[in-house]
Amino acid sequence: MNNRLINWFKFASPATFYPLAGKMIPWFVALSVVFGAAGLYLGMFVAPTDFQQGEGYRIIFIHVPASWMSMFIYLVMAFWAALGLAFNTRLSGMMATALAPTGALMAFLSLWTGALWGKPMWGTWWVWDARLTSELILLFLYIGFIALQSAIDDPRRADKAGAVLALVGVVNIPIIYFSVKWWNTLHQGASVSLTKSPSMAATMLWAMLLVALCFWMYSIAVALGRARNIMLERERHTEWVRQLLAGKES
Amino acid sequence: MLDLLFAVIARDLKLALRRQADLVSALFFFIIVVSLFPLGVGPEMDMLRKMAPGVLWVAALLATMLTLPRLFGDDYRDGTLEQLVLAPQPLPVTVLGKMAAHWLTSGLPLTLLAPVLGLQFDLSADGLLVLTLALLVGTPSLSAIGAIGAALTLGLRGGGVLVSLLVLPLYIPVLIFGAGAVDAAVSGLGFEAHLSLLGALLAGSLFFAPWATAAALKISLE
Amino acid sequence: MHWNSASEFFAMGGYAFYVWGSFGVTALIMAVEPIIVARRRKNLLSRLKRQITAENLAQRSEES
Amino acid sequence: MLEASQLECVRGDRRLFAGVSFRLEGGELLNLQGKNGAGKTSLLRMLVGLAQPVAGEITWRGEPIRKLAEDYRAELCYMGHHNAIKEELTPLENLLASARLAGEPLSEEQALEALYAVGLAGREDLQAKYLSQGQKRRVALARLIHERRALWVLDEPFVALDVAAVDMVAGLIGAHLQRGGLAVMTTHQAVTIPAGNLREYRLGA
Amino acid sequence: MLDLLFAVIARDLKLALRRQADLVSALFFFIIVVSLFPLGVGPEMDMLRKMAPGVLWVAALLATMLTLPRLFGDDYRDGTLEQLVLAPQPLPVTVLGKMAAHWLTSGLPLTLLAPVLGLQFDLSADGLLVLTLALLVGTPSLSAIGAIGAALTLGLRGGGVLVSLLVLPLYIPVLIFGAGAVDAAVSGLGFEAHLSLLGALLAGSLFFAPWATAAALKISLE
Amino acid sequence: MLEASQLECVRGDRRLFAGVSFRLEGGELLNLQGKNGAGKTSLLRMLVGLAQPVAGEITWRGEPIRKLAEDYRAELCYMGHHNAIKEELTPLENLLASARLAGEPLSEEQALEALYAVGLAGREDLQAKYLSQGQKRRVALARLIHERRALWVLDEPFVALDVAAVDMVAGLIGAHLQRGGLAVMTTHQAVTIPAGNLREYRLGA
């Protein structure tokens, strides 16, 4: 049995991070609920009807936050990945792995809500417009990252390989953001007029920001939860996991 | 006989599931190729709608073709193929099993996914239905015909590209009838003729391909 | 608050399908993802506990 | 039972051997000798029917093996330079799958027993790609443990094995011969097979 | 350093020539894919002309991608890659050499062939010229970026398909600017901006890709 | 010159070895012993820098090899389980290409001489895919003939070789030791190296 016992103690971080993350999760969940409730209240009940798009524009309150989060999470993921490559800390790889599925879901939500918005506004579910397309590419990048990591069984190698891919893929984020300029595009057609009436703009902006904060807190909470799972799985032979499990039992 | 067939299929499916990446990525390759075209061609819906059947079929073809080197390649390299050839069962049955497993892990998922991608090209409901049907009948032929090419190029380096060279010309009838069926459906013409031709191709290739492949395998091993 | 009735709210000015389709799927995903994570955690914990008990048993039988 | 007469082998423009003849009965082992490149592997592949001799004939129980085809293969077990195991499957799965494909299903207990016998206890659920060179060879050789077909053709079975494993495999071959089986084998190592009637044939003197 | 570069290039070219099939078949794959489209889409010249840049570029992309698994795969399997990594020279230089050889055997022939195929689609002389130029500047980036994906998926079964999943998203900018340049030229607009963006991509990828690939190779071997 | 201290190796969730320490000077050969799967290959890959130990350090002339990087690799020659030859190239081309890529170009005569020395005369222009198992291994080993780098790391060099070739390779290693070189080696066969200071290390007792 001793054979299987590995002394990971020199990398103290997961052992200390695990309970810390456990304590933080409820707080982020709570924040997320509060921000979400406030944002939805503002967005669904306070914000007035858009005079061009009618009530359909209310999709914006999830579409835009989801789009932002999908890009932002990728950047965070790449940041952790770089950290892991540079300093060989195992925690960073776990964080990157934990973030990817949430990022992919956000990208999917952006596409989904965008499509549901596009049907009434543009008359079609999908156009091959620059921004939509680049969002699709972002989804592919996430999926590529996940597929690569799941194709590798050795976690250390999976972390490193994923990190290289994530860093290479970062180039695409600015491309997504600025892609609108390279094509005459349908998407940017600002049918939501943020400048029409200042009061309306303010409520809408606030609602959007609040929902974005809600998504942000949600992502942190889920990613932390997933990171805890990964930690348990990878460190199952360490002393701290044993003690933890023993403690749970008694 | 059936026992052997199922044994082969079960083993290959288990291997595919174990690898996962294989299963998922053939699908995503399909998605990505389909999505590349509008990028290269530009976003005009009208033109995209006209291109749709061709693009979807070409993508299905390429996705199938990409997975062909794997069909016998791994077994060849690690010596399993010798064992299969030396097993006291008829080789064509073994080969049929491998074809079936290949279709289940490449053609079938493509078929199921195609309608969703068709939506992106704004195909009509009729078009989507016929697209799915045509793929359902057509993709098994792709696996069967592809197996011959895969067997012939075994062990030749650069086999991956060579196999496409051999196989693509044989795929062209499937492509023409397959895309033709969808085209016909979209323009409101009868698509049954195309579909039954695809069916005939399927029957023919299921009948002949196992024998041809078995012969090719024996030659490649010698 | 500019809705006059609940039904008006749910009708969303004729965009119900699109609006609720978006919000619904979002809500669904945000509900399912944490559940999946939590379920995986539960499975993992029970599996690990089982492994540790098995190892302890093996060790004890080795010692005796 | 197995008889080769006047076999000739040509590879490229080189004649590897000609006039190779021998006869093997139940309980006999033929140990094929010869230096690297003498044509041992080529001869074995002819014996199992994977390659065709340029001249000469191979018969099994008096019938040419080309005619017997599947009937011959049903009595034959071949192990080549390659291990014929799948890197993605565990040793246990490998053994079960290859037995099933060879048309002689094993039960799970039998398979486990075979794996223990070749010293892979504790590794039966590890994907084969993680195994060491010698452990992979052992998985391949585990097939022999429950193998009861009459003719074994083994191409350098001892390669990559440690001393204990070499003895174990030699014992397996001995037991096979004692049961009245035939075996043809090549090896460059000096190995003593504990039982059976041992004969040598030297290629390309 | 240069010595090593040329040694790697010379060796890889010799291998490619020895295999021949490799060289020829990437080309034929390109030809076949390009020729499949008119078959799938139908013979209207007007539409074909509009599709041409997109189809040619997508085909070039796919042809390059198909050859990627070979880039390091053979060296990995037979142990040569270990030797290259252990050689007392900087790995990024070796990698650069392999990229160059890959381009010489895939990108360059495609580029030279493309104008001929463009004729089939009735492209104007201007269009053909810009197509060739764009391919000349764009295809080296494809080899460079592709090498990263090839290195990352080394030794993973199903790598052939996985590599396309990883690499295609990264190829998209090249595709957009490449096809865009031709489109612009055909419609008489300025294509210089697109070409210089392609150039920028090339410079960037030639600078970063060897390092990223070298890192990925070391990770894959561990 | 080469010193390993307290090396630890973990594969998957198995600790293969820990606390492996040894020191090797010029003229010494370390023969790594251990049964299949003991971790010999894993240890050799650490020694050459292809894998990182979980704990412990390897130094060469007093410096950690991670720091030395290319300077260490310039004094190192590694032969793994694989032959690292290209099937499409002839033995001659293989030898020339690998020497050039390793940064130590051979002349054509030297390469031919090496091929003759390993008994491949007459095969120097045949594509390697046509060679027998043992002949391929000989092509790989031909690299050793003109190899003058200080440290040789050889993973089962004798596999697939016939008796004459085994003696020849043993002689090569002996000569290397006599020139003051170092070597680390694994093998499951009993081979006598004719010269040098021979030491054994047993993994996983």
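Some observations on this one:
We call the chains A, B, C, D, E and F, going by the order they appear; numbering starts again at 1 in every chain.
Operating definition for what follows: a contact is a pair of C-beta atoms (placed from the backbone, for glycine too) under 8 Å apart; a residue touches a chain by one contact, two chains touch by 3 or more.
Here the structure is a predicted model, which means the values were calculated and not measured.
Chains making contact with chain D as well as with chain E: B, F.
Summarising the inter-chain contacts, the pair of chains with the most C-beta pairs in contact is B-E.
The geometric centre of chain A is 56 Å away from that of chain D, both derived from CA atoms. For the pair chain A and chain C, the distance between mean C-alpha positions equals 16 Å.
With centres set at the average Cα position, the gap from chain B to chain C is 37 Å.
Centroids of chain B and chain E (each the mean of its C-alpha atoms) stand 25 Å apart.
Looking at chain E, one finds that residues 19, 74, 156-158, 162, 165, 168-169, 172, 176, 222 touch two or more other chains. Shared interface positions of chain A, defined as residues touching 2 or more other chains, are 4, 133, 140, 143, 147, 151, 153, 236.
Shared contact sites, meaning residues of chain D that touch two or more other chains, fall at 81, 87-88, 127.
Those residues of chain A whose C-beta lies close enough to touch chain B in the complex are 124-129, 133, 136, 140, 143, 147, 150-151, 183, 186.
Chain E makes touch with chain F in their complex at residues 4, 7-8, 11, 14-15, 18-19, 74, 77-80, 82-90, 94, 221-222. Only residues 48-52, 70-71, 73-74, 76, 78, 80-89, 93, 97-98, 100-103, 127 of chain D touch chain B when the two sit together in their complex. Residues 145, 148, 152-153, 156, 158, 162, 165-166, 168-170, 172-173, 176, 180, 204, 208, 212, 215-216, 219-220, 222 of chain E are the ones touching chain A in the complex. Those residues of chain B lying in contact with chain E across their complex are 19, 21-22, 25-26, 28-29, 32-33, 36-37, 39-42, 47, 50-51, 53-55, 57-58, 61-62, 66-67, 69-70, 74, 156-162, 164-165, 168-169, 172, 175-176, 179, 183.
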